[in-house]
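Shared between the two complexes below is chain A, which has chain B as its partner in the first and chain C in the second.
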Partner chain A sequence: MRRPKVLVGIGLVIAITLTACSTGERVDLGNESSQNLIAAIAGEPDQLDPHKTSAYFSFEVLENVYDTLVEPDENLEMRPALAESWEVSGDQLTWTFHVRQGVTFHDGSPFSADDVVYSYKRIIDQKLSNADRFRAVTDVTAPDKSTVKITVAQPTPNLLSNIGGFKGTAIVQRKNVESGEIATHPIGTGPFAFRSAKSGDSITLAANKNYWGGPPLISGVTFRFIPEASTALSALQAGEIDWTDSIPTQRVEELKTDDSINLGVTPSNDYWYLALNEARKPWNDVRVRQAIAYGVDRHAIVQATGYGTATVNQLAIPKGGPWYTEYHGYTLDIAKAKSLLHEAGVKDLTIDMMATSQYPETVTAAQIIADNLAALGITVKIRSMDFAAWLDEENAGNFDMLMMGWLGNIDPDDFYYAQQHTGGKSNAQKYSNPDVDGPLDAARAETNRDARAGLYARAATIVADEASYIYLYNPSVIQAWSKSLAGYQARPDRAIRFRTAALN
Partner chain B sequence: MTDMRLADEASGDESARVASWRLLLGNPVTTTSAVVLVGIVVVALTARRIAPYGTNKIDVADALQPPTGAHWFGTDELGRDIFSRVLLAAHASLQIALASVAFAFVVGVTIGVISGYRGGLLDAVLMRVVDVMFAFPVLLLALAIVAILAPGSATTILAIGIVYTPIFARVARASTLSVRVEPFVAVSRTLGTGHLYMLGRHILPNIAGPVIVQTSVSLAFAILSEAALSFLGLGIQPPEPSWGRMLFDAQGFVQRAWWMGVFPGAAIFATVLAFNLLGDGLRDVLDPKQRTMIEARRQR
Partner chain C sequence: MKTFFTSSIVRFLARRLLYSLVVLLGVLIVAFSLVHLVPGDPVRIALGTRYSPDAYQTLRAASGLDRPIVEQFFGYVGSALTGDLGVSFRNGDPVTLTLLDRLPATLSLAVVGIVIALLISVPAGIWAALREGRISDAVVRISSQFGVSIPDFWMGLLLIALFASTLGWLPTSGYQALSDNPAGWLRHVILPGLTVGLVAGAIMTRYIRSALLDVASMGYVRTARSKGLPPWVVTLRHIVRNALIPVLTITGIQLATILGGVIVVEVVFAWPGIGRLVYTAVAARDYPLIQGAVLLIAVLFLLVNLVVDVLYAVVDPRIRLS
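And then the complex of A and B:
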């Protein structure tokens, strides 16, 4: 059974570090400099240990430095990477992976099955940020240099996406970890090797000539940190950089007609939602939450935040995906919303709504929501803060309502379990419903794809009906690159892969 | 003899004050800025009544419209009327500027006068505290204060007020030091005048000039600081309008909607310039050295 039944998710990518922009030039890599690609990312990675960071900026770089056993292809189906092939036992409880031979780390030392065991045990034993992905795993062993056996407590159809969905479960080198250098000078098996970093300015990678997938066509990649989107775009248009993903949605229309650059707009698996704090009154009353869901103008929000690049969705999983469920429970209906509030016996509500300047769409949408809900007699007080403070407040449960997004999801489990299961890791709104927990738990062990899809459809519909999350829309991945950059595609999971890129 | 001198001092003062007004009004730049400021204040006070649209009336379908008869300054990315928002932001900006400068004025002048008048250890301690506050870049200190407290209007007032307090303290102390050693103060003291009466009757009126000038200039900087804090998302919170916040929002739309940034920018420009020029005019007539030069020029 090669076809992965299920895939994986990153969870909310945290971008904490903002850095000053720099007006650098092409990094001089000797006579190869013309083949060095310069990519602008919006911030500096907090650290480069793939098992410890949760910042998207880190993964933009690490995607090119590390490998996983399996990895998602452009359709997010799991494909061989460091594992050439794998089998699942008849009882679905043992997975056997045959790892690639002759692969070396960037420092020349050989890669073997022991490194896989070491990496996974590190995540599990130290309870690192992705330990949750190994929850069903009872043991990881390497019977020989080329075989890894993973045993699970129950059938785990989404094991492949759990161990390969993104580079947070990358295969690291023991020596690199034990010397403590992994956070600043990571050594992997990927297409590019870490070469140097300039704090607040850039990180430079050099091509790995011995890469198992074939040597990259470019000599290296420099990731420059440019927080200001307009600066990055101007730099791209001026030919100072080759690639950027800091593109305000309102510029997409204009850039589509710009013949000097390539624009990639790809529907993503990300979703944005509103959540009401059910640990507080009156948001524990389902009618009050539904009233908000009826009172919010999703189309206005999508128009003002997406400018035609986003799609309204009342559930998390976007249309076109294999796990999509049709759902249109809510329409903008002020009368209905008012009667729900009346039924619930609440009036003169004030909502403390958190937004963060890190994600400007939350501030924009919050203002629309404030205007929408004013029609229901609800006063929305917007608190806009930096993201670190925002996260603290979320964790402390100090909010009435928040707007946020999840990105990098692949498997339906990523979309719903942590967010909606009682006591789930990302269930900041404190939703709890056994009718949702049941199917979510069952789906984790359901190996029949259709039956599994049915379980998620059931759980998701209840979640939306009860407005645990008020789903808003799915945005697009928007990236732009120079005409001279070939062999690159924007991916729906936001993985930035330069392994096949070429510069003409 | 003593009485005579005091009487002279008083009558001289009286006539000088009349001349000050005449000099002030004789300067066309000062008059213009005063008129502009009065205009801005009137607009700010009546903003709620004269604004043609609601401040937060969102109409996404009508977003990013250029200036027209219906929307004099165009509409922003959420379809809100920019003219209405600029007017209402004037109210918020002026309110914050006045409140914060009033805070800085009261606290700063009190510290400065006490420090200068008492001298000694108290003076040394107070001035070192003021020095420490001066050592911080103004905006950085304000940012730190806002970061500790939650962002909002009250915090912004407090932050700007605290940041400008040392300047008032310095100005008030320097003037107090020079007034304190004037003969009429010494005489008054020998007559047994109490400290409070002394401060109220002799010190404060005589340090008023520099402090008034400082107030006008500080108002300009307070408006700028509020705009800067709001621009950074730490001042007035959306959706409430603020010139600084409007400029921030306009950033992403420079290519598509120039009017989003130009009008709030022009409002900041006009207000700050008017306060500054008024401050210059006031300094010219309240500073004895400058004043002699102006009078000489006028007589020619």
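And then the complex of A and C:
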């Protein structure tokens, strides 16, 4: 009977090793480690060049590293950032920005108006993915070190949100770009400076003591990549991390009553929609599209995808936002839907619907939609694929229907122009209506805010009436953080800002 | 005799090396063709959902993707032969460095996982085989059936719930380098190692048990027993020793599998291994990174196979490396 003793011995060794270890170990950063905030995000940034990345994971980090000329506050109104003030000329064609003095980049080199010109020209000249935000801009100059002049071809009321809505138009440093280090070692002017990265594991930022907005209260931020939401939540509850947005939606209800953590559920500016390919029959018939708009149960979709955290909306812009338009064109009405299909003279329809595992809500919702539309005698064939293949198919127009969402919109132009204007670059459904194009074009140059809101309301109502997009819902921003983290709030644009955070 | 063995192992290694190079070239060709055949455009996914056609053309040209595919292939093979696996489409990082960055985490998980698997499966397998048909055999067989059937995803979450959330003994997730912090490394590797080890251990237990039973039914074992040798001598010298060959085989296969990436375990424990790297590279259609990772995994497979083959000869002198 020797062997059992060996087993017991091994068991003992393991047990001793286990119990010899302390709990809640945090990343060791020397004496400052107690003031280092640990945030868990769900994935690794693809790269850290703000002008080139399109990944949200990158922007979660970069929000804290970079500045823009102006930036949205918590109500998404544009406020001064690197620009202290600005004026618009009487003809609305010249914008003059007065940039902040005494600001330095993280390597100590001074920031000036030239850096703004360099950054914008880089995006425009190299045709980077955000170049479209500068489509109205004809020139960017720096008459002196503290002034930036932007000239535009037509009045552009949303110029501020175009150049400051998110960090994709951040002010970068020429030397950092030209050395090629920007993708891995970005240098900005923001509240935190890039310090180190561990592939597949984490990125660490250190507080910028010279930050123009005042030094951060914490010594730094470590962004850990925890893809599995249950693990991130366990790590938060065990005190290993201080903040996360990797949260299983189905556990939100339970977490609302959990006193050991703070839960932030904030309506977001994102929206999800269905679009039917109008280049194909019979989806070019407005009645057929309307039938589907009457046939889908938005409330069931919201319940299944967001467990009650999302808000049904039949237009893109969420309630509570400054550009919200009231619209309730559709109700779940099978009889109405059937009669529309009958009027259009179609029957035995089959829909090829694309969903993608990258956004699990599309897969979940597709099953509900398939069930809903079966009641109309429509067969929905769900095609679920990974996002790369999905984008290919969308681009090739190889689909009947798709469900997708738009994230990070601020100005109403972001919500409607590219998606609904004839030939718009995101108009994959090939919608075209001069009655929509007119107000969308006019709104781009309309400087009276009320008149502009009226134009968008008109365009959006037609878009929904004609079911170019069948709008479904606005999801919520869901984040959780520890009781010791103060001075942080979840924002509707999903920008993660730790500049005012404190750890008690 | 000694020189014969030495020279034969040199010849063996030389032959295997040559054979490995051929395999690697094959892997390279297959990997390259596959990534280009799979639908999905790396430029489109890099740009996200809002971009102008101009931006698309610019990035496509900058990535060299507008060149003919044959030209791309020979360019790739040419530099791969010199150890340069190119740069990632997504961030311009050298692929070789990225892979080397991730290798320690994968090796840690594989070694710890296989050690745990051996610690479980060798005693359990022998125990069950010696008590074939009895209660303890049934217990081992049922538990190993559980180990094989429980998804590793679920097993990982259960271990986190027990050891990290409830008992607070170990961290939920993450990785620390052995060179930076040996104690931290150990604390972080235990739970993922256990998850991998329990699954591999369950498979290996069943294998070891049946290998032992096969050997135990051989004539020479009966002869040994009838000679009046003590049971433990028969077990160790005649049964276990002869059952080592299949045990080595299954251990090698399990080790190679873990080295090839245990994506689910890496995801659950936020482990920065090769598996997750490949997963995100595929999602982004980062061709150079996918090809490099496939090549690295192939190299690891070949190395494990080589070691197993050499060990065969060490364990069983009847096997000569000729």
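The definition used in the following text is that the second predicted complex is superposed on the first by the 479 of 504 C-alpha atoms of A that agree within 3 Å, B and C clash if a C-alpha of one lies under 4 Å from a C-alpha of the other, contacts with A are read in each partner's own complex, and residues count from 1 in each chain.
Simple rule for what comes next: a contact is a pair of C-beta atoms (placed from the backbone, for glycine too) under 8 Å apart; a residue touches a chain by one contact, two chains touch by 3 or more.
This one's a predicted model, so the numbers in the text were calculated from it and none came from an experiment.
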{"item": "Fit or clash between chain C and chain B when superposed on chain A", "value": "fit"}
{"item": "Contacts of A:E240 with chain B and chain C, given as first, second, both or neither", "value": "second"}
{"item": "First, second, both or neither for A:Q47, with chain B first and chain C second", "value": "second"}
{"item": "Partner chain in contact with A:R383 - chain B first, chain C second, else both or neither", "value": "first"}
{"item": "First (chain B), second (chain C), both or neither touched by A:S199", "value": "second"}
{"item": "First (chain B), second (chain C), both or neither touched by A:V312", "value": "neither"}
{"item": "Chain B versus chain C as contact partner of A:S230, first or second or both or neither", "value": "both"}
{"item": "Partner chain in contact with A:L217 - chain B first, chain C second, else both or neither", "value": "neither"}
{"item": "Which partner reaches more residues of chain A (counting touched residues only), chain B or chain C", "value": "C"}
{"item": "Smallest separation in angstrom, by C-alpha atoms, between chain B and chain C in the superposition", "value": "5"}
{"item": "Contacts on chain A seen with chain B and repeated with chain C across the two complexes", "value": "230"}
{"item": "Chain C contact footprint on chain A (complex, rising order)", "value": "3, 6-7, 10, 17-19, 21, 23-25, 28, 43-44, 46-49, 54-55, 126-129, 131-132, 180, 183-184, 198-202, 224-228, 230-232, 234-235, 237-238, 240, 358, 386-389, 391-393, 395, 404, 406, 418, 425-426"}
{"item": "Footprint of chain A on chain C - complex, ascending", "value": "38-42, 44-55, 58, 90-93, 98, 101-102, 105, 119, 123, 126-127, 157, 160-161, 163-165, 168-175, 181, 183-184, 186-187, 190, 267-273, 276-277, 280, 282-285"}
{"item": "Chain B-facing residues of chain A, complex", "value": "229-230, 248, 250-251, 254, 297, 300, 303-304, 357, 360, 363-364, 366-368, 370-371, 374, 382-385"}
{"item": "Chain B residues touching chain A - in the complex, by the definition given at the top", "value": "56-58, 60-61, 63, 77-78, 150-151, 233, 237-239, 251-256"}
